[in-house]
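Below, each structure is written out as structure tokens.
Both complexes shown next keep subunit A, but they swap its partner, so subunit B is in the first and subunit C is in the second.
Let's turn to the complex of A and B:
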């Protein structure tokens, strides 16, 4: 009997989980107050945070003046608070520069159109997203330039610009008409004209249908745009955040093709091309951006025939494009070097030539490998656009500095700088967080 | 094996040209020749344009302007300068000022960056998050904004010289800049520089010889000891000679300004602080990445032997991390040198400001001046990358 009793297994109740992991107070104690030195450190950090946060909030929020006509009035209301009234007064200038007030809807419209053009890229169910991106890079600049510059067709808009603007507008409308038709479950416009094109062409009815619809829409757009008379706004009136974003987005978009060409050139087996690309890359990377900008502004007028002198914005865009391209080339080269030889050999086995190997096999992998570096480059390009203020373009930085020259707001330096610092912080930090997120997603995708 | 050729038609002349183009080697030559021709044509076009434009503007090309008198003043210079000196001197002033600013930024930025990078790895979450905030805020705001912020908001808001801050009658801070006592000597600076250069050159050779001998024989011979002692004697003697001619120049308020001593303009202060802060954030990230590249086993092994956290850091982690940190760190120093050109925005007289802005405006010799400035930066970057390559070869783990 007693043996049977012994055999009966009585489990001991499970131990409670370790409490120090559960209890917040215990954890804080363990991490922040585990020794005298650490406690002192924690307390001094807390005091520092309290002091900095309090003085900043006092200045920026609690003692701040939001409504005043001049800086003197601000000082009278609250001598040691921020004078946001001046920034609010100049807010329009910070965003649009010296763009005429009644034409600013065009800036908004142009930017919104550019974003809408890119919107289909977010939808993974849409086919041919690459061609939408390429159309954005090649066609949108004409439409955007027309919106921002203004002018009348046939008078101050050149013939090439007219044609491409119409093509861009036609593409844009076609894109959205198709999207709406497909969303409604109908067949798209090119499919509707396929019966017509199949009579005209033996092959490629679909492609030809697309081209036909695009051409018709473009002509319609061109005719419609010719009736519109937009007030011309010269480039030197552009400014503010608008100009900063134009320069930054130009640098970012152009850096990729320029960088790819330079990187391929540098990896080329042909000595002339290799050396030329390498010299260009190394020269541009060895000097500061400001010298490249000065070079573009002072040397381009000398090197180009007299009379064909481009405006300052074009000179700056040229310099920024060169600079960003050289940096991007090194990023892409890093990616190219990481691709194993087997990939090249496999592509050769399939009978692909140089450009097809690069475009279809090597570059997509190399670019994906280098996404973190490429994003870092994009962020530094965005930050570097502030340098154009030194050579006198009215970007957001120079507009912010100019507020202190306004006779109502003389000496108002800190508040505009604080505002644009916060703006840049939000943009750059957002981009870096997005890049981290992308990296994580791609890593999860690969493994 | 040759079973295709019989069915092939005999190549005609046109066919042979095209088939020639299909060969990789021929095509390479053609592509290269075309590229070279295009580049040369563009260069020639630009050159002829520039010759025409220079003619039209009544300018000429040449470096003879370097000998002419500059005629403008430079607000602050580390080496002696006055308006009667030549443009070559202006170039040197710019280079020295640029190098001085970048040197200060590199030294202090590396120190602060290392500290912040280590704090970023602290086990105390409050400390590591504070360090992270510092790095993120500083890194994501453009450097130019920070420079102008320090200049307009902090340094220009200081009181004027008469009511500025002073400490013990030796150091002064006001809206013109920072004053501190300095040592003045009547001896020529070149002499002192040459003397110390030879002295330290000899020391380097001596130490190298001693180390080589120690590695080979395990001990140091007597002649080396005597040479070393002699070197010390020479050092003492030179210090005495230089020291006897030294006088202290103390800044003092005279009228509306402070005279004497060493003066650093407020533009230097603003550029220095902003760039140091910015550089330290970048270096902190480098240091953190280097430290995190060490595997966790090293921490655990050190803990097993009973090392304290500080000992682990000093004896295990840092020596290994240095190998991963130095290349990006040297790159960061190079970027610091290039970034020092941003001080032009607040009128600090560095190379771009005095040479690329003022001198171009004065002489119109844009091509020559811009190529000289770019040449300077290229030389600096070549030197740094050469040293870096040497160092890399030196510290690489040697497989034996």
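Let's turn to the complex of A and C:
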């Protein structure tokens, strides 16, 4: 047996660290100038970008007029620059439409309140986050409507509206009190009252404490609000970005429940529900939104008794809600179909009924799967709301068109539209970024 | 079964409410409805400079707006008690027919077919307009007849498009139309030299000219190729209400003729010796009784809104957005050669 040589491990020399890759210049060279063809392409694209950006900036910034009394004056100062003075002059109109100047704080207040209501959702430690969302959908509209419409309790404001506005205000205050107590490390207000109520009621102790505190706060709010006299502002004075946001947020919020019901209906084994949902979805999806809007404005009044004709905004909200719901239903149905049968069977094995199966097992997974699609629908709904200008609601588009018919700013079309494009870009981009963030978070949560 | 029965009952009740409500509507006149409602509903459009447009405070202004405000002043003595309904073109007739709107005042041209087939009664023409042409000055054209073979920017679906085709055919001009859907786009196209001429109602042409980068570069040709009598209309077969609207306008024109303005109306009412002025302002006579209006209705119209001349000056006159001279046009008073002729207040 010959002596075999032992094999020694000889490490190969390490490769040089890829420092070149870190260098920005080198990276650009490698990616954009790695061949003659690519270099030419890069250069021509850069030239193109330069010219587009330069002419836009020249128009929008360098040659623009910010301060003038009329469009003629703008043109005299700088004939080929944007006339932002007109947009600035009409800015309030673009944002609030025909809402009276001295009442515009109410719009701001109402919108801020709506956002504040959702703010606790950012805090992941807070309990019952779902209930905050549900309360926002069910209660906030009453409070918002009271802020925007105005009126006096007991006179212009109906009894139901009064009660719900008080409940909403009470809940809002309770929410913030709890959050503050929670942040301070104290036990929440309902928990403090629970020992009291548990003496009176044996069952559902936590709930009772909560309800008691809520009721007391609501009554206090109701009494306080009854002292306030807000100037009534009828719906036909609403407009501008404010109206656009109202319609869009209504469509977005309502599309989820309507969509879920329609999607479940379409997958239902009960023939009547199945066919009705399917017909509704297919009918609405088969016609353009503008047709649905026209139908709602011209046909809805015919179906309803002539005394009870709703205002144009309600008709539009109805149409938009139906339209958004039908699209959402198909998104959600897609999600439902992606859920493997095993999930249904597992839920049945656990003894869950239909609604619990859907609510606890299937829908959460389906919705999570469909977040990108749902967000796409939301964004397109936000943009679609600009169509309401065609049926004569003074949303931001129609207000923009009115600038060009104003005596001082006649013919000023481009600048308002440029501003609106920027506004919409900011809103839509924000929504899509939020959805990416949400996806990431939910994925992390899952794995 | 119970649920079904109650649903049936509810729908039956709804049908009953519906029929009884529509019956009630048939019976009462619009004037009574307006008085009960406490405001006049005036059907306008979205925006038409000089006739109805929003200012930045969100208030409506324009000639049509003042007509409606005048009616409100006649009925309630308060020009503010009017509710403007901006509707689409297609909806304007149904809004009047359904009783949702009381007056149609949206710069609508009085035509035979609209008068007979839309359930409307046209009452009075408050502005005589007609289709005209605007061209670049350096084209050197002085008459439409010289525009042979020219391209013309026009809004599609309007009567302007039809009039243009008619005119081109009768005069053998072989005009080529470039149609647009949106007036803003059409104007931009014209100012960028995409067509030789722009056609529209003359009142509109003046406004579009003033929006040009350099208005002096453009001229409006003298020809008027169509008749556009902008008139207000009310629901058919409601003479009581039609009288109110008709005579509100007559009061405005008569006031101008007899020199009553919103400024001197109080003075005239107190001191005028003229029996006609006294009758118009309700100092003597009982002209208001037949109209079903308060005694000072015409006084309120003039006090609140002004006479026809003032309304014209304010909204479409030389100092307004449209800058239209009144002298020598059909919109002047009859004694100045126009068509504004107030009927007798007697």
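Just so we're on the same page, the second predicted complex is superposed on the first by the 398 of 447 C-alpha atoms of A that agree within 3 Å, B and C clash if a C-alpha of one lies under 4 Å from a C-alpha of the other, contacts with A are read in each partner's own complex, and residues count from 1 in each chain.
The rule is short, and it goes like this: a residue touches a chain if its C-beta (ideal position, glycine included) is under 8 Å from a C-beta of that chain, and two chains touch if they have at least 3 such contacts.
Keep in mind that this is a model prediction, so the values were computed, not measured.
Enquirer: Put the two structures on top of each other at subunit A: do subunit B and subunit C fit, or clash?
Expert: Result for subunit B and subunit C: clash.
Enquirer: Look at A:413 in the shared chain and tell me whether it touches subunit B only, subunit C only, both, or neither; answer first, second, both or neither.
Expert: It touches subunit B and subunit C both.
Enquirer: Contacts for A:401 in the overlay, against subunit B (first) and subunit C (second): which applies, first, second, both or neither?
Expert: both
Enquirer: Just to be sure I read the superposition right, which of the two partners does A:390 touch: subunit B = first, subunit C = second, or both, or neither?
Expert: both
Enquirer: Using the touch definition from the top, say if A:104 reaches subunit B (first), subunit C (second), both or neither.
Expert: After superposing on A, A:104 lies clear of both subunit B and subunit C.
Enquirer: If you stack the two complexes on chain A, which partner ends up touching A:424: first (subunit B), second (subunit C), both, or neither?
Expert: In the superposed model, A:424 contacts subunit B only, not subunit C.
Enquirer: Quick one: is A:301 in contact with subunit B, with subunit C, with both, or with neither? Answer first, second, both or neither.
Expert: both
Enquirer: If you count the residues of subunit A that each partner touches, which comes out higher, subunit B or subunit C?
Expert: B
Enquirer: Pick one for A:89: touches subunit B only (first), subunit C only (second), both, or neither.
Expert: second
Enquirer: Could you say whether A:42 touches subunit B, subunit C, both of them, or neither, answering first, second, both or neither?
Expert: A:42 sits against subunit B, while subunit C stays out of touch.
Enquirer: For subunit A, which residues lie in the overlap of the subunit B contacts and the subunit C contacts?
Expert: Looking at subunit A, the two contact sets intersect at 298, 301, 305-306, 390, 401, 404, 413.
Enquirer: Can you list the residues on subunit C that touch subunit A in the complex?
Expert: 14, 17-18, 21-22, 25, 46-49, 53-59, 83, 86-88, 91, 94, 98, 100, 184, 187-188, 207-208, 210-213, 320-321
Enquirer: Provide the residue numbers of subunit A that touch subunit B in the complex, in ascending order.
Expert: 31-32, 38, 41-42, 45-46, 48-49, 269-273, 276, 282-283, 285-288, 290-291, 294-295, 298-299, 301-306, 379, 383-384, 386-387, 389-390, 397, 401, 404, 413-414, 417, 420-421, 424-425, 428-429, 432
Enquirer: Name, in rising order, each residue of subunit B that touches subunit A in their complex.
Expert: Within the complex, subunit B contacts subunit A at residues 28, 31-32, 35-36, 39, 46, 49-50, 52-54, 56, 123-127, 130, 136-137, 139-146, 148-149, 152-153, 156, 338-339, 341-342, 344-345, 352, 356-357, 360, 366-367, 370, 373-374, 377-378, 380-382.
Enquirer: Contact residues on subunit A for subunit C in the complex?
Expert: Where subunit A meets subunit C, its residues are 71-72, 75, 79, 89-90, 92-93, 97-101, 236-237, 239, 297-298, 301, 305-309, 390-392, 394, 398-399, 401-402, 404-407, 410-411, 413.
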